[in-house]
Structures are given as structure tokens and as C-alpha cells.
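What follows is a group of structures, each given as C-alpha cells.
Look for chain A in each of the two complexes below; its partner is chain B in the first and chain C in the second.
Coming up: the complex of A and B.
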């Protein structure tokens, strides 16, 4: 699971209010190289919850992101490279995603998060 | 350059995962037929709901790969084995999508709402007794409940939530799903529709429908439902005649 998806996942259990972001408990993190595409990154940055990304990357052992994205991205290749690496190249292979409110764990196996709910949670 | 799609030889399989079949091929043919429009559409986020073997999402990625760079692809399936098989099929073709095991889009719907530009769905559409819907194992790949509509009718509101203002949906249906009723339902939510591919096999009469938000649709609301249904059956019979000629 890449952080671009983590940034879109929230806990869907009925009645839960504080459902995002899910806390990452890593067991195995791998890095898969992805082509660098600045236009894609500039488009995505508006949709990304920055704090969730920073904390997610940190919990996966990559503390390089600044607390706030720079105001102009155009000339800042070194920032874009870090953003690229965090968003698209870090992969949670094994581990869990934990709901901030209930502590419910969603497992991640072979890089795939399982967001299915039990019957009593729907 | 001819456009590439997934190659059956490289599609991973498992006895509990739906294998690419006439419906999967018809859906990919619809995407191929609409490829120029898709390229012009310039989607940023594309998603498949119920990806099964991964044949369709892999084909979509290959189809757009060289033309539309920087697209984010997502795929979901309720079957935990299917999501793994989807991932294997993607890897075998050297492409990537983010795969999530989810019921339609559980966990994704809140943050992804209004952002998806293309959704493709080959849902469980076979009319079956209601209790077969969503059972564990391979039956959930086809079991569609009454008129084959139980899962489709759950998917449509989620699709409406996820699609961006310019969003498109490609949906596999059978004539026994009452597709004209599906189109009418979607029209009330502001979508226009058309049949992209019509195909009759020995067992089933498949229709691949495309939906898009139509700004004018509000003013078209005056068209009465019977008139709309008459239009639909006329265009369907025209399509079927053309094929037999």
C-alpha cells in the first residue's frame, strides 16, 4: 500500500466520527521505484492531506518531508523528489492500519489493505 | 501504433476468482471503441470496482499508458483472493494500480468523493436467488439477486458519489437487468447514457453502457419516462439489427 492510497482511506465503521487518518503500524516496508512526473505531483498536492502524508512517511521510516509544503513548487525539485518518494514509492507490504477513534485494525497483506467491515460494524 | 490490452496468457488465475469471460472482453472492447474519447477526456483518477482477475484494469492502463501520463489507477474487490490475483496480473504486465479489498469502495468513499474521472464496473449481474448475493467464494462474482440488480443498485449511488464533475462510468449489464430502467434511474441523477457495445452470446445478451453527467439533462427532465424508454428500446433494436446485417 502506497501513501497516496493511505491518504484516501478512512474508517467506515458505523457511527465513527474521528475516522481519518488511519495510523500505520508497519511490519514490512519496501521501496518500488516509480517514474518521476512533476505535473502529476503538482496536480495531486492539492488533494493530499499533508499532515497525514508526513506522519505516514515518518511511521514508515522516512522523516524527510517538511511540516508544510513550500508555497511555490515550480523550482523546488528537491522537495518534489521527496514528495514523490513518500507518496508513490514507499510501500507498506505488511502491517496494519489503525482507526484513530476505535483502535480497530485493518490488516495490510502483500501490499493490499483489507477495508472490509464485519457485519456488526456496518 | 496499435493499442495494447492485457494478454490472456499473462492474466493470473485462481479457482475462486472470476476468469476473463465474454463480459470482460465486451467491456474491454467498449474501452477500446471509446479510446480516442478517453484520451481526450484526460482522466487523472481511474478506478475499477470488482476487478477480479485484473484483466480489465490492466487493459485500461495499457490502453492509456502512452497517451495519458500521470493517471492514478485504483481497483477494489470484495474477494480477498481476487485482489491478490489483480495485483499479480498488473505486475505480470509491468504496470501498477493501487488495489484495495473493499465492499464497492468502503474506506475510500469519503476522501475520494468527487475525484474519480473514469469508473469501470463488470458487476455480478446474473439473476439469482437473493441469498446467493455476496456469499463467500466464486458465486459472489456473478450472483446478482433479483433481476441481477441487487449489487448494481448498490454500486450506482457510490459511483455517483465518487465521480468528478466530468466523470464517466462504463457498466456491464444484461438485457434481463432492465438496463433501460438503470438508465432512467441515472437520468434522474443527471446522467446521460448510451450503449457502447451490444453483444449476444449463446447464454446472454450483453450491453456495455456508458454514463456521463449531462449539464443539459436538467432541461431534458421534461422528456417523460415512457418517451425515454421508447428511445432506449429503439436504439437497442437498431444496434442489434446492424449486427445481424
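Coming up: the complex of A and C.
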């Protein structure tokens, strides 16, 4: 699971209010290379919850992202490379995503997060 | 300028929409509420392989042909007629300024003869080529790799054939090739060489057509909420898009049939980048964070409509019926618990899909999906799903059996997602939840497709029974 997906997911158990971001408990993190596409990244940065991305990358052992994204992206390739690496190349292969309110663990197994709810959570 | 667009004689309903989508992709300026201009050759009906299309440049025509699956070629027409004398007059009256640059002595050329409706012997082809001496070719012939390719195409009049409408009048075209389709993709991607397949894996040709309808290209993010073995996303990835998929069945997305036979391996097989994400979730209860919207450029999918494969959603059969309360899973069993799922009706599935697309597509993003239609419902117009955020831009039918067909719908997001739409979707979600059984009955297509033939139809004399729709689309083409 890459952080681009982590950034989209929340705990949707019925009645839970504080559901995002899910805390990452890594067991195995791998890096998978992805082609660098600055246009895609510039388009994505507006849609991303920045704090969740920074915290997610840190919990996966990559503390390089700044607390706030720079205001001008055009010339800042070194920033875009870091953003690219965090968003698309860090992979949580094994581990869990933990709901901040209930502590419910969504397992990530072979890189696939299992977001299906149990019967009593629907 | 007008181009002669010659199609493969396949999937007739899909041909023009593909060209229209690709024209937009390659930058053809099309005003709002307008579409490409098409024109038929004289005496041709809509199913003919020969069409004229208006495009602003040769480059766009070439790009469309190159990327398309159903365009055999795009040509600059030099002349046409019902016989060779008429063709000669027509070619001779075509302005020299358009012809001479392609006939110069330094260039190489080739003339090919193609016929529709009849095969010509080699001798007949040679005679036809030699009859073109009135065109002042100065260049040398090169059959392998010519600078300019010319085509002489002939459509011969014929009786009604295999349900095809009769061709009323012979027609001959002569033109210079501007671009042609690369169908080499199809043997490479054909399903029989795919390592990981499921029962409803999308045929490669259709998957590419869907990716073209979705305008999948470099730097776009394409999502399939019913990803299965990834057969649709593979085609989007081939065109350079980033892909993401979800499925409710964890065995399919996570395990496949082993380490070298799963969704990931289907991408690696062709050297394509693997999806940026695969996840297991329920489209009926999606786990998207609040505030997340407009993130996908296209959503392409083949929803489970309950004929080959049925949809599933969270909650067991008895829970959804309301006969038992949801059970509480004991804490020690939670980790490996497999939640039960129940049937997911087509109406609800499509409702959730449209809502997902309304929320998650960027403006002008495209939703491309198959929708089943019963064929024996004669008379009334088929009603396709609608949504205030979307405009339906293409409808292409593929006939699957005498009972039903599937229709590829292409919708474009034209209105932004709003709080009112979110609220309406929430209320509808509750309505589905509370009246699960009724909705399950409503629009159950499986029973209609497989029910025995109505006895009143058996007594009908088969000779007088006329299928209201021609069958050739599915059966012969």
C-alpha cells in the first residue's frame, strides 16, 4: 500500500467521528520505483492531506518531507522528488492501519489493505 | 478538413464513439453541446465501413488512427465514384495542389487494393491498379516501406447477407493514407496468453475500447472499483495511465493463484507499471476520508450485473433481510474473521457507482461502464442510469445473446459535486438498506436472462417471428 492510498482512506465504522488519518503500524516496508511525472504530482498536491502524508512517511521511516509544502512548485525539483518518493514509492507490504478513535486494526497483507468491516461495525 | 475514415467491420456501435473520444484526447476543438461532424458516402447506410469525418488537421487524424482499435485507416480522399470512369473524373478534378506534392520524383509510393463484400484475384487487382495511369506518379514503387501509401477501395453491391443490410450501389474510393491502426496490440494482450484470469475478465479488444472511451493517457489516474483480475486496468496502463483498483473479494486482489499469477503479474507480463494501489473494500460502504473528492481522471469498470457474476456487499443474507441482528465478533477471533456478504442488486450497485464517480472524478472526468439491457423488452426506449453531475456522451451496444446485451455507457462529469447531491445519495443509501429485499427483486436481470421461453412464443411460427433487432452485431461481427 502506497501513501497515496493511505491519504484517501479512513475508518468507516458506523458512528466513528475521528476517523482520519489511520495510524500506520509497519512490519515490512519496501520501495518500488515509479516513473517520475511532475505534472501528475503538481495536480495531486492540491488533493492531498499534507499532514497525513508527512506523518505516514515518517512512520514508514522517511522523515524528509517538510511540515508544509513549498508555495512554488515549478522550480523545486528536489522537493517534487521527495514528494514523489513518499506518495508513490514507499510501500507498506505488511502491517496495519489503526483507527485513531477505536483502535480497530485494518490489516495490510501482501500490500493490500483490507478495509472491509465486520458485521457489527456496519 | 474531411477525411475518409474506414473501419474494421466489428463492434459497429463502438466505432464512432471511439473516434470521437480520441479526437478530444488529441486536441480536436469541439464546442460544447456539439460533436464531430460525420457524413455517409452516397447510398451507404450507417453500418458501412466507410465514413467521412471532419477533423481540423492531418496530425489529429493520424493520432486517432494510430491509437484506435477499430479504425482501419484514415485517408485523404482524392476521388470516388460508382464506376471507374466516374472515379477518373473525380480524381482528375481534385486540385493538383493537393496531389502533386505526393507524386514527386524523389518519393516512393505503393498502391493497395481493398474490397468490401468480395475478394479480387491478383490479376483483377493488377488491372485496377494499372487503370490509374492517368494519375501522374513520378516516384518509384516501394512495396515494403513507401513514403506514400495509396488505397483503392471498392465496395461491391450485394444482397442482404448474414443480417447485414443490402449494399445498394457499388462505390469506389481512392485516397492517400494519413494514418492506420496498430492492432498488433490485440494478439499481444489476448486473454488466452494472460497468466491470471477470472470468469469475467474483460476481452482485450473491449478493454482497449473502454480505455479509449475514458481517454486514458500519461499522467492520468484511472480507477476500477470492480477490479477483479485487472483486465480493464491493464489496457489503461498500456496507454500510460496510473491505475488503481478495488474489489470486495480479497482472494482475487491479494492472493490470485500464487506469487507469479495474480493481478500484479498481469501487469508485469507486459512490462507495464503495476497499479499504484489495489485494495479490498465494499463499494457500498466506501472508506474514503471526508473531504476527499475529484481525485480520479476516469473510472472504468464492468460492474457485476448478476448474470455471469453477482455483486456482493457487506452484511450477511439474514442480516440484510433483517431476520437476525448482526452478530458481535469475539475479540480473539477478530483478526482472521471473514465478514459475511450479501447480494448487491444492480440498481444499488449502479447508484453507488454514479455517486462514487460524481464525488471522485475531476470535472470533465469520464465514467465508462457496461450496463446490461434485456433485448426482448421491445418497443419502449431503454432507460439508462442518470445523474445530475453527468452527461451521457456515448452509448454502444454489444449483443450477448438473443435475450440480453450489454451497453457501454460513457458519461462526462459536467457539474460539480455538491452537498445536496451528497445528501440525496445518503438518503437513497438508507432506502436501499431498509428495503433490501424489494430492491433485490427489482431489476433482477439473471432470472430474465435465464427464464424458459414464454409458451405463447413457442406457438409462433418461426418463419413469421422476426427478431426486432438485427443479430449480426453479436453473432457475425
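Quick note on the criterion: the second predicted complex is superposed on the first by the 122 of 122 C-alpha atoms of A that agree within 3 Å, B and C clash if a C-alpha of one lies under 4 Å from a C-alpha of the other, contacts with A are read in each partner's own complex, and residues count from 1 in each chain.
Quick note on the criterion: a residue touches a chain if its C-beta (ideal position, glycine included) is under 8 Å from a C-beta of that chain, and two chains touch if they have at least 3 such contacts.
Remember, it's a predicted structure, so these values are computed and weren't measured experimentally.
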{"item": "Residue contacts on chain A - larger count, chain B or chain C", "value": "C"}
{"item": "Which of chain B and chain C A:67 touches, first, second, both or neither", "value": "neither"}
{"item": "Footprint overlap on chain A, where chain B in one structure and chain C in the other make contact", "value": "1-2, 4-5, 7-12, 19-20, 32, 34, 37, 39-40, 43-44, 47, 49, 110-117"}
{"item": "Chain A residues touching chain C - in the complex, by the definition given at the top", "value": "1-2, 4-5, 7-12, 19-21, 32, 34-35, 37, 39-40, 43-44, 47, 49, 88, 105, 107, 109-120, 122"}
{"item": "Contact set on chain A toward chain B in their complex", "value": "1-2, 4-5, 7-12, 19-20, 32, 34, 37, 39-40, 43-44, 47, 49, 106, 110-117"}
{"item": "Contact set on chain C toward chain A in their complex", "value": "218-219, 221, 242, 244, 248, 250, 253-255, 273-274, 276-282, 285-292, 294-295, 314-316, 319, 326-329, 334-335, 337, 339-340"}
{"item": "Of chain B, residues touching chain A in the complex", "value": "44, 69-70, 72, 74, 78, 80, 83-84, 87, 96, 98-103, 106-112, 115"}
